[in-house]
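Chain lettering (A, B, C, D and E) follows the sequence in which the chains are written, and residue indices restart at 1 in each chain.
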Amino acid sequence: MLHLIIFLVFAAVCIAGAVSLLVQRHPINSALSLIAVMVSLAVEYLLLGAEFVAAVQVIVYAGAIMVLFVFVIMLLNAGVEERTLGSRVATIFGIPAMLVGSGLLAWVLVQRSGTGSVAAGALWGDPQKIAQLLFHEFLLPFEVTSVLVLIAIMGAVVLASRPDQAQPGKKEG
Amino acid sequence: MNTPQGVEYIRILPEIVLSVFGMAIMLLDPLLDDRRAPRLLGVVALVGSFAALAATLLQTQSPGLAFWGMVKVDSFSIFFHFLITAITAVVVLTSFEYMEVQKIHAGEYYGLVLFGAVGMCLMSSAVELVLIFIALEISSISTYILAGFRQRAAISSESSLKYFLLGSFATAFFLYGVALMFGATGSTSISLIGQSLSQSPAPLLAYAGIAFMFVGLGFKVAAAPFHIWTPDVYEGAPSPVVGFMSTAPKAAVFAVLLRILFEAHAPGRLWLIWIVAALSMTLGNIGALVQSNVKRLLAYSSIAHAGYLLVAFAALPANGIPAAMFYTASYAAMNVGAFAVISHFAGSGERLVTLEDYAGLGKRSPLLAATLTIFLLSLIGIPMTGGFFAKFYVFSAALQANLPGLVIVGVLNSAVAAYYYLRLIVVMYMRDAREDAPVSRIPLAMGTALVITVFATVYLGVLPGRILEYAAQSANELMR
Amino acid sequence: MNTPTIHSAILTLVTFIPMAGALFLVMFPRRDREIRGFALLVSLLTFVLSLHLPAYFHRNQAGFQFELNVPWIPTPNIHYHMGVDGISMWLVVLTTFLTPLGVLISWKSIHDRVKEFFILFLILETALIGVFVSLDLFLFYFFWEATLIPMALLIGVWGHGRRVYAAVKFFLYTMIASVFMLAAILWLYARTGTFDFVTIRNAIHNGQVEGFAAAAPWLFLGFFVAFAVKVPLFPFHTWLPDAHVEAPTAGSVILAGVLLKMGTYGLLRFNLGLFPEQARANASWISILALIGIIYGALVAMVQPNMKKLIAYSSISHLGFVVMGIFSFTSAGLDGAMFIMLAHGISTGGLFMLAGILYERRHTYEISEYGGLATPMPAYATFFLFITLASVGLPLLNGFVGEFLVLSGAFSAHPVYGILGATGVIWSACYLLWMYQRVFFGKVTHHENLAIPDLTGREKLALWPAAVVALVMGVAPLWWLNAIEPAVQSALAPFSQLASKVVGQ
Amino acid sequence: MTSNLYLWLIPILPLIGAAINGFLGKRLSRQAVSAVALTFSGAAFAMALYVASQFSSLSLPHIETVAPWIRAGQFQVDFGFYLDQLSLVMLLVVTGVGFLIHIYSVGYMWEEGGFYRFFSYLNLFMFFMLTLVLANNYLLMFIGWEGVGLASYLLIGFWFIKDSAASAGKKAFITNRVGDFGFLIALFLLIQHFGTLTFSDLFQKVSALSPETAGAGLLTAIGLLLMVGAAGKSAQIPLYVWLPDAMEGPTPVSALIHAATMVTAGVYMVARSHAIFERAPEALTVVAIIGTLTALFAATIGVAQTDIKKVLAYSTVSQLGYMFIALGVAAFSAGIFHLMTHAFFKGLLFLAAGSVIHSVGGEQDMRRMGGLRTKIPVTFWTMTIATFAIAGIPPLAGFFSKDEILWRAYQASWIYWVIGVFTAFLTSFYMFRLWFMTFFGTYRGEAESGHGQDPHGHGHGIHESPKIMLVPLVILAILSVVGGWIGVPGSLGGSNRFDHFLGPVFRSTAPALNAAHTAPGETAPPENQTEGTEPQTGHSTELAFTGISVLAGLLGLGLAYLLYYRRPELPHRIATSLGSFYEAVRNKYYVDEIYAAIFIKPLIDGSSKVLWKGIDQGVIDNSVNDAADGARDVSDAVRRMQSGNIRSYASWVALGAACVLAYMIWMGTR
Amino acid sequence: MVPLSYYLVLSGILFACGVTGFIIKRNIITIFMSIELMLNGVNLSFVAFAANWKALSGQVFVFFVMVVAAAEAAVGLAIIIAVYRNRETLNVDRVNLLKL
């Protein structure tokens, strides 16, 4: 019972955060609300017994990634986003499509998710088991992610570095 | 729980080789002075891709699963490995000149190309959704970055941004599809998914999962209605990169699609693909009709070609898969070639990219014009070029699957398509140049690349038998 | 010489020697004179070799001869299958005959990018011959498409005024039409697993193709559209005048002389050969289209202010005769149709050469620009008159035999068509003689025409063969008909019940 | 086949001449050219005479097949030649008159440019004409048929600098083509129903049919269509319009082609097809009616013409009408008889007229002539003979043939006869009018005013033509006198040898005559069952009719004498009093204008405005271009999707995703 | 005892919110955040399904997703910086040089 209440509470927080991400006009606020979403998601993970995942969620996501976001926002001192109507399509097709799509999805998930309910900690994902998996069955993906990260670093370097001033900053194209 | 033995490393040898060379390049980059760096690093990258090619050949001796069923080396994967590494090699060749003309960081460039190739190779051999997802991300992210490589050009970074945002958007969809699939079957291994789907009537979740995965992959191959990003991105990105990302990742994604749709016995796909294919062909060709920017034009054409390719997916696996494989190969040959010509002709800052710029090319540089003409004819699908047989196999496969409607749409489209390719040829030969500036002579590397692509295009057009045989055989293995 | 090997090799030789010549041209000769000379040499060599066909052809024997059939591509099962019967043989010879003339006639008129011109011209010849000799549907389609590009380039690069428009129009019309044929071919392949014409035909006749009955109408249409556009049949004809007006002389010669015949040949070979029932079922409206083509083409030709346009429309009219003859399903009709194909190739080719000669001198095709030319250039006038009369269908010249046979065939099949078609005899006289009068008779109206030079030796060299052949074909048509007849009979075999109505039962 | 006469040589010889002159003539001297031309046409004539000499020893019809020409299915046509009495007569007429006119032309054309061209054309004509005459099947005949058309086209347009000449040539060719169209259809019918065009087989098959069944219409149709062809070639209503214009050609041409030989081809063809016509009474009737009308119509026009050659032209038309009357009443031999005599005197008339024109320096308008009697005596006398001959004054050639025709016509129906006699009156009237206006009275023109195109008028006054021109005149004059004597009818104590000679050819006509005669309604005397054997009774009546026709001729003479010799001012007054009618006659009843208005103009305008501008460019091309534009617009619409806005793109993706999801779920729930 | 479908619906809602954000937000960074939101939604369903199937691989999957997200974040933000440097704006509606 308690279990359900906790779920509902944090689900509410989640959704609230998500919605506020949408409605906030300043990126920083959006970022903060996203952090809220993530933290409460971590709680949900705990409810599902994925303690390690929950931890990582808080550390990596809420910690590292979001910090990066905030940093960039500050760097570019992005202000309140202005109201431009660049895309009629978005309002004509996008929103309805989204509503229809998510409606269908919800229906599917409710109708045919094919199971009853899960008890708290139905599957206890403690670090040891995870490590087992990660370094045997999922060894290759794990290694490959290193390439991914490598690429990411290179990309960040290349893109963020100022173009060399061989011919001073003239814009082409 | 035992550790993998040596043979399993052979089964990922090409990937290893590529990443090793990629790192080598990154290490060399700072050591070399800026003048000689590009050329040398290019050579290294070239050697790397050829080494990967050799490694692929080595693989043919040792097919099978590896790393707990993560990758599976079969003639199917070998085919795509071969294709992707070959494309990489050619793209590297075409990039030599570009590096110098555009003054961009050679080190990161080649590194990214090789690493991207790693991801693509993995996609073609991975049989596990996790790995597929990561490989997909590798190839995507590397191409995002490559697209933005002309930093001084606003359009370049814009195209990179668009590609990135929309790409991640689509990735999210794909991922959600994977999640639903996992939820439906409790597994992320394609073979297991296939088993569970083929036994019981597939649960609705599986359908939803397929839908979302299809959205994600469809986006990557630029199939309508997920094609809209293509023209903008291609226009903004550096030409050799376009040649790269319009062929290699597509081939890889198509490989994944083939595996998912056929090996995993994805249910209820026929009409979905029917419609998407028809839509892609039509939108792509019609959109291209009035384009005046050559890169954009070819972008639309690539949408159309994705459509033709999907026709094969609608056909029966027995002859649909080989047709699709052949198509990817010949499309790669002609498209890489075409973009090679474009990038050579565009000159510094890619200024010359509109149809008008090509006026009188037939006079100013007959060789270049002739080469481009061959590629264009192949794109039209004139006999004796790879493009013709590609279309040919695809359509006959569809007919054997009794889809005359789709074939009619297809042939009509290819007729309409003739118009805009022809426009380019017409401009090259039948218009007089505005200014008779002689085209800069073709450097060695570029020349080699052109020779290779032309040869490939013609070879596939004259003696397609071998390739198709191989494709058919690998299709059988896939079906087993 | 007369060994089976040469017999099986000859077609390949004839087909690909021009291509080889083209490749040689790509590499070697530099100076224009050498290029022209070499092109002429190659085309003449091809012509001489092609004479081997009629020389060793077994008349009064149906079926294909000089066959060569080797596997080419295992999957799909494509064979390099070549062979000729009485129908295609003459078209091959026609092609090889007209090409040297085309080379001669464009000797001076082409001055820039001479090399490319002759390369394309020779490639075009190869493609055309290939169309007629290939018995493998795939091979056929390949050559069919292959004719497209060189022709379009010839028009678009060396043409006049609105050449680009004309070239694109020509290309798209044919391209769009021929994809339907491709679809049909693919269907046949998907069902029979082979491209071999003979095999497929037998399979169809023995009813071994499942689902054929349902698909046949569409297949027929698929082929028909492709050919009808090439012919060109009435509603699809508008590309022809433009293409002709803009094309360089040699281009027009080949276009009118050979390219159009691809369409009628295709109708004869495939639409009749593969789908007899459909052919008969659709004969009525096709014949009506042909009829419209005859009269309509002639009437429109009559009022053309432009010499080449006039000739182009006259071709539409003549080709209408051919189609009418083919779809009369009588041996006279088919013989005549074949004969008109050849005759029209010669005479209209000649007319275009003559028009081109005039264009070289005055750079216009407008009839109103001329007048009274008979005085300054009598020899030219004489040739022009001769070819004109041949085209009008004067007995003892090549035009007459074919028209007569076609009309009698059409008449015996369907009197009304025959009668209406026969009015073409009047129209052709009207427009051609009127044009002739306006160009050659009366006083010289434009002073620049006063000093206009008469034919040069080279031009005469190009015109004489055409004139002579036109006469010989008119006097001794049997030489051609003998070979055509058996092929026609075998083509008519499925129409036996209709064939019972063949003239002179 | 008894003996080989090498008939094929007869047409080939002139062809060789034509070829030589055509290809080499440019370099040859005039002497050489004329020598070549005369040699070969003369050789043909000699061959003809040789054939005639051999004739008695032949088994008729004598057929020589040289080589096959066309074969399709079971249908075959050969190069083969067919000799019987009929073709022999034609052969002699053509070669003989032709040869004479060749000789004449040498003199007439001597100063002309394109001398060689002229003679090569002339020989070419001989070739085709002889092919026509000697052909043993309709198709070969058709070769000659079209060929002479070509020759006349070339010769009419000989002075192509003159637009009128060029147009006249074209007009002639095209009008003939209209006729040939009918001819062709007739051939197709023959092929379809008899499977052959060779005379011998064909007539055999036709003879099998009985005239009763002819009502079925097949033979009638064939006959009518053949008649269309004949009308075209022989200038009958409604296709006669080309002949008067054809006078644009040099006079010898008018004499040879448009008087003596070519225009009679139609007559020959009908006679040759008698087997068909006899079994198609309706067709015969039509032939007769057309002949009658043409005779009358042309004669009336001839009355009002002032151009000497035009007068002769219209008289030719009307004389041809006579011949068709004869054919129409199944009096084939009579028709041929008149054909022959007409060839003599009309050829002579033209040549003489040419000589006149020649002498007065190219003047053709009779109003500017007169009083030439003394100045050019030879021409005058020969012309006189010809005039009397055509006027049907005994005992000249024209009298016998015309009388024969009239008599036979009467036997068929009195209407023909009445019109015929009236026409005879008109004929003699306008001929004598010509005679008086030209040779009597005072000279009204001045020789110096020569026509530009006809370079005879330089300087020196009126002069007799050179010998080489006069010789043919004289010979023809003699022939015009004696030519008729071989056909003296029984009524005049003759035995009509000509009729007997031709008899065998037409003997096969017995079954048809009833039909032929009863058709117009008048029942014919039963004893006139067969051609050839003259009725023993009724000589008196025949004599009476002969008298009447002679009377008509004399009447014409008298009237002409009154109007154009005694009171030359009268005609003008009559003309004014008749007013518009006279105008109409002078303008040939405006037939040309009418044709132009109802055929040519609508055709041209229709093709240009409706077909070309309207359908071709308006409908077809436009629709194609519109389709292209439409595609372009759609393309633009598609491009609009590329708004460049990421959010829109995302929306599209989302939309697509929603659709795909919906579809898949639908698939899943089914 | 929480029904699995609750978790799934929650994940779906998050995903939908992410999509909506992508569509309606103007600021590039925010849009990027919406993508992250979508990924979080996916992760939730992974974990839920893992619990459902008693298969830890689901949870492992989440790690990889996070890694990828991190990588994307690095690259993406770099790209955004590059764009900003070129265009001096973060408003997507103003980033539309490439069109038609």
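Methods note: contacts are C-beta pairs under 8 Å (C-beta built on N, C-alpha and C of every residue); 3 or more make two chains touch, one makes a residue touch a chain.
Keep in mind it's a predicted model, so treat the numbers as computed, not measured.
Visitor: Quick one: how many steps at least from chain A to chain C, stepping chain to touching chain?
Guide: 2
Visitor: Give me the chains shared as neighbours by chain C and chain E.
Guide: Expected: B, D.
Visitor: Looking at chain pairs B-D and A-D, which one is connected by more C-beta pairs in contact?
Guide: B-D
Visitor: If you average the CA atoms of chain D and of chain E, how far apart do the two points sit, in angstrom?
Guide: Inter-chain centre distance comes to 98 Å.
Visitor: Quick one: report the Å distance separating chain A from chain B, using the average Cα coordinate of each chain.
Guide: Each chain's C-alpha centroid was found; their separation is 29 Å.
Visitor: Measure off the straight-line distance from the CA centroid of chain B to the CA centroid of chain C, and report it in whole Å.
Guide: Whole-Å distance between the two chain centres: 43.
Visitor: When the centre of a chain is set as the mean of its C-alpha atoms, what distance in Å lies between chain A and chain E?
Guide: 5
Visitor: For chain B, give me the residues that contact two or more of the other chains.
Guide: 130, 134, 137, 141, 144-145, 148, 151, 154-155, 157, 160-162, 165, 169, 183, 203-204, 208, 231-232, 236, 416
Visitor: Mark out which residues of chain E touch at least two other chains, giving numbers and ranges.
Guide: 8, 15, 18-19, 22-24, 26, 31-32, 48, 52, 55, 57, 60, 64, 68, 71-72, 75, 79-80, 82, 85-86, 92-93, 95-99
Visitor: Going through chain D residue by residue, note those that touch at least 2 other chains and give them in order.
Guide: Where chain D meets two or more other chains at a single residue, that happens at 639, 642-648, 650-652, 654-655, 657, 661, 665.
Visitor: Quick one: which chain pairs are touching?
Guide: A-B, A-D, A-E, B-C, B-D, B-E, C-D, D-E
Visitor: Chain D touches which residues of chain B in the complex?
Guide: Residues 161-162, 165-166, 169-170, 173, 202-204, 206-208, 210-212, 214-215, 218-219, 224-226, 228-229, 231-232, 267-268, 271-272, 283, 286-291, 416 of chain B touch chain D in their complex.
Visitor: Touching chain E in the complex: which residues of chain D?
Guide: Within the complex, chain D contacts chain E at residues 639-640, 642-647, 650-651, 654.
Visitor: Can you tell me which positions in chain A touch chain E when the two form their complex?
Guide: Residues 1, 3-4, 7, 11, 14-15, 18-19, 21-22, 27, 30-31, 34, 37-38, 41, 44-45, 47-50, 52-53, 56-57, 60-61, 64-65, 68-69, 72-73, 75-76, 78, 81-87, 90, 94-95, 98, 101-102, 105-106, 109-110, 113, 115-119, 122-123, 125, 129-130, 133-134, 137-138, 141, 145, 148-149, 151-153, 155-160, 162, 171, 173 of chain A touch chain E in their complex.
Visitor: Can you name the residues of chain B that touch chain E in the complex?
Guide: Those residues of chain B that touch chain E are 130, 133-134, 137, 141, 144-145, 148, 151, 154-155, 157-162, 164-165, 168-169, 171-172, 175-176, 178-180, 182-183, 186-188, 231-233, 235-236.
Visitor: For a test of understanding, state which residues of chain C touch chain B in their complex under the given definition.
Guide: 73-76, 113, 116, 138, 141-142, 145-146, 148-149, 152-153, 156-157, 163-164, 167-168, 171-172, 175-176, 179-180, 182-183, 186-187, 189-190
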